[in-house]
Every structure is written in C-alpha cells, then in structure tokens.
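Pasting the structures in now, so scroll down.
Look at the two complexes coming up: subunit A is in both, with subunit B in one and subunit C in the other.
Presenting the complex of A and B:
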C-alpha cells in the first residue's frame, strides 16, 4: 500500500551503512546514511531502533552488504548482488545491465526481465576501480569530492594513468603532478582509466542493453560520463543510487 | 598427524614412504612395492619461514608452498619424492627443490605421454611405468613382484569402485561436504587397505531410503578442494556439491568402460586404466573431450549450476577455462568462475560471490 511503511532494508557497505524504510510500492519513505562503524551490530541496531521508534512499530528487516551477517534480528539476509538487482529492477521495471560501484568492489549485474540476477561479474582482486581507489587518489590530490566534476569538465583531454593497482596508481599520479601535468587532465585520465577497467569487467554487452548505475560512486558525474564513453552508450544513474542495495534488501522482506 | 603416521608405518612395518606431488601417478606400483605414498598438495596456508620467498608470488601456490615445505625440512620424514610431470611448475620444482631447497633424498620425475592416444604414446607410458618400478626397486632394495602388482591393481580398483558408488549417492550421506571430502582425501596418505576399510564404512552410512539432501545442487570442476572453507560457505548458503571434477578427488576416480585384463601383463593393465581415466588438462590436450565429459556429468547429476574453481596461477586448468565457459553458456547453465588462494580460509568477497551464485541459481530453480 502506498505511503504505508512495510519493511526496512539495511545495506552495510565497506564505507557507508544505509538504512531505508519502504512502502508497499517500493518507495523510500525514510532513510539514514552513516559511515560504517567497526561495531556493526551496535550501529545497525541503533539505526533500526531509531526508525522503528519514529514509525511506532517494528517492521521486517532485510540485510545486505559486506556486514550483512552482523545485523541483529534481520528477517532475511541476502548478498548485495541480489539486492542491487532487485532495487534496480524496482526502479527501472525492465531488464538492464547494472553497474554497482561501491567502496570495496565493483559489480556488473545482468538483471533479467523478471528482476532476477541473470549473471554477474565482480572485481574482487584489489581496490582498483572502486570508490576506495577514488577516495585515496582524490585525498592525495587534495580535491574535495564535490569539485571533481568541475576539474574533469575543464580538461580538454585526459592524461593516461596506466597502473591497475591503487598503490601504484597513487605513485603514478604523484609522478605526473611532479612533472607539472595539469591537475584537471590527470583527474580526467584517472576517471577514464577506471571506466576502461569497468568496461573490461562488463565484457561485450548486447547492442540494445540499457546500462544503469548504482552505488556511491554513481554520485560522481565525472565517473558516469567516463563510463558512458567507455561503454559507448548512455549510463543512467538510478535515483538515490547509494540506497539501491538497501532498497533491494527491504523489497526482499516486503 | 601425517608425519606421525608415516613414522609409525616405518617403525611398525618397516615401510618406506615417498612424498608425491600432484596429480596423477601409478599408485598401484608404489603399493605393490610396499611403499606408502604421501601426497603433497601445498599444503594450504601461507608458506612461512626463510624458505617462503624462493618463488615469485605469481607462481602456482601448490608449488610455491611445496618448495617452502620441503626446503624447510617438513617432508624429511619420507624417504624420497616423486614428481609427476603435471605442469611446468611441478617439473621445475623437481629441479629447484634439489638445487636450491636442500633436498638430498632420491627423486623421480614421472613423465606423462602428452598428445593424443596412439601406439607410441602407450609404449612410452609403459616404459615410464617400468622405470618407476625400477627406481622404487632401488629405493626399497627389492625388485617388483608381478603378482604383488596384480594384487595392488585389484586393491585400487576396489577403492575406485567404492569411491564411485559413494560419490554417485552422496546426496544420501548423513555428512556435510567438508566431512565427506576430509574422509575421501585421507586416501592421499593412508595405506590403501586402511583407506578401503574407511571407504566401506562410509558406504555403510549411505541411507538409500532417506530423501536426498535439501539445497541447491552444484557441480564443481577444478584442481583441489582447498580452502575447505569453500565447502562450508556453500553449506551456509544452502548449497552442496552434487558432483565434482576436482583433479584431487572426483577426476581421479577411474571407472573403466571395459575391465582391464588383470591376469595378463599388469603394466598393460595399468596403461589401459590410464587411458580410461577422466580427461584432465595435466595429462591431455583434448579440451573438447573434457568439456563433453563435464556437460555429461552436469546432465546426469541434476546440478543446477557449475563452479569452475582453481587456485591462482594454475596454468593447465586456466587454459581450459574459456572452452568450459563457452560450453556451459551454450547449454544455458549458470557458471561461476572462482579463483582462490591456497589458504585455509576464504576472503569475504569470495564468500559473497559464492552466496550470490547460490541465490541466483536458487531463484532460477524456484522460477
């Protein structure tokens, strides 16, 4: 039923912890986003408690994310791959290729026309190509997240960053800065390099496949543009991309 | 535990022992010569001590760990080492362990005939089998007794037949996958008669009237079921291994289409069994035959998905992966390609991939 809260979804990611309350149609009525605390049990219990107190009653809880097993009282526990697929399908209502770029890993999920996972690929070898990678490099360059797009859009070309490891890429970026290369071009090159890695993980996509994006990195417009260019098609960012996993978790217990 | 067992075999029975590197070797000859085979699959875990850094991190961990293990003196309880020519890395290990690892005990490299089956390959194989018997004769001080070899072949036939029956009905065993594989893999170091007794006990536990195990049945093909935590993760996710083609386990169970002549030349019988063994990239280059067998195993097992599991940098297995992926994609069967470290535990991300695969396959089944 619309506007009537029916379920809570918790997505404990490596960087942020997201909690949503949804109605029967999958609309998000309320949410919380916090940096993930090392004591996940306490944090999620507090957040669920706060939302339940606001609602005046307890609701079924779906849990996902790398800390999913640490959510006390969860009615159902599912991986973020299944939950992102469910959340994305709820948003787009049809088959799609979902790119979820989170803090710890990047996933390519083929969502079927029934909302189920058709197949998935996941970079789980290192932090390259993830939100953590961007955080490290942006921190080194002292560029605030909300200024990234400004820098990248000013660059008329990207300066290639070839390393595929966060540590080596950081060293390479430092060398480029030391050589006197423009910061804007370095940042553009960095995003293009990341996008190429994600495109490689995605493999050959069907010509008519629509690509949507979730996860915290989807809030970075420079990354979305670079990914669109690498995949040679429009990449549509889902509404509230950071909450898509939590939405899917809530839908699983709706 | 293995070290104490090997020592007891020597003290109580005067039995010599040989460390054997993966994968395929004519164990029947060792049994016939009263030599205990103790297989060395790594062992899992990070190599420790000053011998740990002798090979680059991008070399197969089975070989990297085995070098550190042998060079560190941990295999000194055995009398010799046998290196089947499984891959270039194991072949290289045979040299490295002697040249740089301080291994001074006798070693033998068992060469597999490569390429398609033909008369010259069979002749080469029989020459290798005889050479191994001669080397073991030198080690033990006793020549091979042909009748003992015939008995050993019969014993190992009984082991394989029992294993095959247990594996085919595994869904009706009151054991977790970890418990089953721990039991099966004791054959990597137990004296074969003891192993057969244990297998028969295991077979006795089959509850044929019980309903099959609940959960998502999966098939696995790969090298070795390590880390064993992989089996726990599948169990936790509500799945189980219904058929395996792990080189260390299911792929070494030989069920010949026609029984070899066990009363004739036992070396001919061993050669016949060799060519009746399931296809393995460490012995053959016939990818097509391997993928045909895997598809057939998949169909007859009732599996709902397949996991291609290998330790990182396992070259023979890695070469087959594209062909296997293609074959299962054409069949429309869900496939997960999983590379793992040769460790005792799984990473959180690997667990997530396994769980997500089980969720995906389970959802398809429900639909």
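Presenting the complex of A and C:
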C-alpha cells in the first residue's frame, strides 16, 4: 500500500551506512546515512531503533553491504549485487545495466527484464576507479567535492592522466600540477581516465542497453558525464543513488 | 650416481624396513584408531551441509602418508626423480625410481597455508611474487629445508615436461642448479587443432632420449615388457579414476568436486603403481554404493556446478561449505577430469607412440577451442546449471581466455557462469571475504 511503511533496508557499505524505510511500492519514506562506524552492530541497531521509534512499530529488516552479517535482527541477508539489482529494477522497471560506484568498489550489474542479476563484474582488488580514489586525489588537490563540476566543465579538454592506480595517479597528478598544467584540465582528464576504466570493466554492451548509475559517486556530475562519453550512451542517475542498495534490501523483505 | 642403485647399504635397508614394515604397521595402527573412532561415533548423524564422509578418505590418507614416509628414506636407497605432473612417468617406474611430485607437495603446502612463509624465502632472493605459487612454495621449501611432510628425498634426476606450462622449465632449471643433477626435458609443442606428424616425431625422439638418461641414472635400461606393464597399470588407474568421477553424473552426486580435488593425489603421484589402482577400485565401489543408496556428497543438492582450473587449496573447505549450505555442489571439475583423460589414451600395445599422444594432447597444451569443447561437454554430461571459472593468478595458462569461455558457455548452453579471481596456493593473493561475497551473489542469482 502506498505510503504505508512496510520494510526497512540496511546497506552497510565500506564508507557509509544507509538505512531506509519503504512503502509497498518501493518509495522511500524515511532514511538515514552515516559514515560507517567500526562497531556495526551498535550503529545499525541504533539506526533501526530510531526509525522504528518514529514509526511506532518494528518492521522486517533486510540487510546488505560489507557489514550485512552484523546487522542484528535482519530477516534476510543478501549481497549488495542482488540488492542493487533489485533496487535499480524497482526504479527503472525494465532490463538495464547498472554501474554502481561506491566507496570501495565499482560494480557493473546486468539486470534482466525480470529484475534478476544476469551477470556482474566488479573491481574490488584496488581502490582505483572507486569513490575512495577520487577522494584521495581531490583531497591532494584541495578541491571540495561540490566544486568538482565547476572545474571540469570549465576545461575545454582533459589532460591525460595515464595511471589508474591510486598511488601512481596521485603522484602523476602532483607532477602535472608542478609542471604548471591547468587544474581544470587535470581534473577533467582524471575523470575521463577513470570512466575509461569503468567502461572496460563493463565490456561490450548491447547497442540498445540502457545504463543507469547508483552509488555515492553518481552524485558527481563530472563522473556521470565522463562515463556517458566513455560508454557512448546516456547514463541515467537513479533517484537517491546512494540508497539503491538499501532499497533493494528493503524490497527483499517487503 | 649409477653406483647408488643396487647397493644394499644402510640407506637401502632403512628404506626397505620403512616400506615393508613401518609403513604397513603405521597403517594398521591408524586404521585401528579410525575403527575405534567410528565405533564411538556410531549412530551419530554428521552435522552440517555435507553427506556422510567417504570411508575411502581414510585409505587415501594412509596411502599418501606412506608415500611421503617412504620418500624420506628413498635417497641413497633407490634412484629418486622429481617429476612434473604431466611427465610420462611410465618410463621411470620400471627402473625403481621413487617419484616426487613437487606440484603435489606444493598443493599440500597450500592446504596447510605455509606457502607465504616458504615463498618469502625465495622472494628475498629475487623471485617475483607474480610467479606461480607452486614453484615458489617448492623452491622456498628447498632453500629453507622445511616441508610439512617431514623431508623430501634429494633428487638424482629432474624430469620436466612442459605440456602444462613453460614455468616448469625455469623452475626445474633452478632445481638443477641447486642440486647439481641432470635435468631431462620433454617439450611437446603447443597444439592448435591437431598435432602434426612432425610434432609427434619430435616428442617421440625426446622420449627415446629420456629412456637413455633415466637408464644411465638408474644403472640399467627398462625393458619393453616392463614399460608395457607399467603402461597397462597407468591406463587402468586412469580409467578407474574416470569411473569414480563419472559417478557424479548421478543425482545427487555421491561426493563433491572438492572431495575430488583431494582424491586426485594418487593418480598424479602414484600413477602406474598397483596400490593406486587398488585404491581407486575401492573408491569407485564406495561411490557406486552411495549412488545405489541415494547418498549425496551434500545433503540437499539443488544446483550442480562445473569448476574450471585448480582449486583454491587453502580455502577448499570454506568454498565447499559456503556452497553446500545453499544446496550447490561442484559435480565436476576440468582439473580432475584432465587426469581421467590423458592417461586413458596410453596404450600398452604401443607404449611410446601412445605416450606421445597422451602427453601432447592434454588440456593445458591445447588451444582455447579444445578447452571450450571440454568444458561444454562436461557441463552437459554432468547436467550442470552453472559454472565457476577460477581465474587463478598463479596459473596463467589455465586462466587465459576464461572471459571468452564464460561468454560462450553462457550463450551456447544457457547456464550461469562466473569468473572468480583467486589463487590456488597463496592466500596473500585472495581476499576470502570478497571471493565468498561474489560466490554468494552468484548463487543468489539462481533464485
């Protein structure tokens, strides 16, 4: 039933912990996002408790993410791959390719026309191509996250950053700055090189495949644009992209 | 070196005592202990997702323990050869060689999780961590003189066949430099399509040369009758191993693919010996009995998977449990199957000619099309609804092309396929949590 809270979803990611309350249609009625605390049990119990207190009753809980096994009282525990697919399917209602760029990994998930996971590829071996990678480099360049788009949109071309290893890219970017290269061009080049890496992870996509994006990095418009051009198609950012995994977890116990 | 053989000295005496008295005695003690244990446990239903353990597992342990125990006393008593897994060992057996399989030994080190320790010893000498973990473990074990099996006998001869990879050649050269013993090489050309007659001739010449070298080290040449007999035994053992594997075509499969990874040891290390065949006869009968009774390797078999490549030795149990808890079983693996195929081509009627074919046409020495055909055939014969292709950081020749194989298997057979990035021996190259997460996501996609 619309607007009637039916389930809670918890997504304990490496960087942030997300909790949502959904109604029977999958609309998010309430949510919390916090940096993930090392004591996951306590944090998730508190967040679920807060939301339940607001609702005045307990709801079934679905858990996902790296810390999913440590969510007390979860009715169902599923991997973030399945939950992201379910969350994305609920939003788009048809087959799609989901690019989820989170703090620790990047996932490419082919969601079938029944909402099931068709196939997936992941970069979880290193920080390159993840939110963490961008965070490190932006920190080094002292560019606040909300100014990234401004810089990138001002650059008329990207300055090639060939390394995609966080450590090497960081020193490469520093040398480019030292050479006197424009910050705007460096940032654009950085996003382009990252997007190429993600595109190669995605492999050959069918020409008619629609691509949607989730995860914290989807809030970075420069990354979305770079990815669109690397994949040569429109990349649609899902509403509340950070909450797609938690939404999928909640849907699984709806 | 030639004088070593036949000299019934102190070493030989010790060796014979261990082989004929101590080994059998330990086996008896061990089986008596096991009988007491199983008597105490009678009526207890094993917990967990697996079916009752295989009775033969105990026999396997005894067999391999005796093999390594004899090995400790072999050097100085009988000629000792260190041999790659795909080497035509049939030529050595009649000469009384004790054959050590460094790969088998390295797998044992991997199961015991000592590879990082052994590997570090040679990494410090400049060997790269990118090398296969088998040679790293083995060379580390040689340098440190440490092994979980107590002691490996010093080789008199090194026997390398590059039909599995070129790494073996560099590895055995390093061993030759360390031990100052001869290295004999059998180098079958990589096969695209079918092997050409001149390829076969080239391999045959090398086998003839091998007969000479092995004969010089052992002090006499093997007669053709002896080679025929060992070839017969090796073929029979291979066919028996194939029969064991084939029992998993039944539903439920009477054992797990993971069991198969362990029970492969005799066909690798004791091929051509009567005790190897006796063992597989017992195992096959036990599996048949389980099939008749409907006993599965896992309690609730809902999905049947194919595994490609070597196992993740240090996490075999963890992987199997994760899967079994959700009703998944690896009912066949291309790795265990390879050992049922190669030896079945050898023929006592033409030992050398058939050895040329058997040892040239093995899975890692063939093009991707052949590998695909093998995987597709196995998936169909064992009615698999999914496949996990282990992209093994150590074993590049086995892992190359898996992305193409994955796409073809999924498209042609309509089964779900995933590539799992891991390593067969070095836990430093595999994040267990992430690997299990991926396997879990893969299993969830069957819902």
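In the analysis below, the second predicted complex is superposed on the first by the 254 of 254 C-alpha atoms of A that agree within 3 Å, B and C clash if a C-alpha of one lies under 4 Å from a C-alpha of the other, contacts with A are read in each partner's own complex, and residues count from 1 in each chain.
Here, a residue touches a chain if its C-beta (ideal position, glycine included) is under 8 Å from a C-beta of that chain, and two chains touch if they have at least 3 such contacts.
These figures come from a predicted structure and were not determined experimentally.
Student: Would subunit B and subunit C fit next to each other on subunit A once aligned, or clash?
Tutor: clash
Student: Examine A:177 and indicate which partner it touches, taking first as subunit B and second as subunit C; both and neither are also allowed.
Tutor: neither
Student: Which holds for A:201: it touches subunit B only (first), subunit C only (second), both, or neither?
Tutor: Neither partner.
Student: Tell me which partner A:150 touches in the superposition: subunit B (first), subunit C (second), both or neither.
Tutor: Neither: A:150 stays clear of subunit B and subunit C.
Student: Going by the contact rule set out at the top, does A:219 touch subunit B (first), subunit C (second), both, or neither?
Tutor: neither
Student: Please indicate which partner A:114 is in contact with in the superposed arrangement: first for subunit B, second for subunit C, both, or neither.
Tutor: Touch status of A:114: first partner only.
Student: Just subunit B (first), just subunit C (second), both, or neither: which does A:33 touch?
Tutor: Neither partner.
Student: By the touch definition above, which subunit A residues appear in both interfaces, subunit B in one complex and subunit C in the other?
Tutor: Looking at subunit A, the two contact sets intersect at 66, 78-82, 116-120, 122, 124.
Student: Can you check the complex and tell me which residues of subunit A touch subunit C?
Tutor: 66, 78-82, 116-120, 122, 124-125, 203
Student: Which subunit C residues qualify as touching subunit A in the complex?
Tutor: On the subunit C side, the touching residues are 403, 410, 418, 421, 431, 433-434, 437-438, 440-441, 444-445, 447.
Student: Quick one: in the complex, what on subunit A touches subunit B?
Tutor: Checking each residue of subunit A against subunit B gives 66, 78-82, 104-105, 114, 116-120, 122, 124.
Student: Show me the residue ranges of subunit B that touch subunit A in the complex, using the header's touch definition.
Tutor: Against subunit A, the touching part of subunit B is residues 334, 347-350, 352-353, 355-356, 359-360, 363-364, 367.
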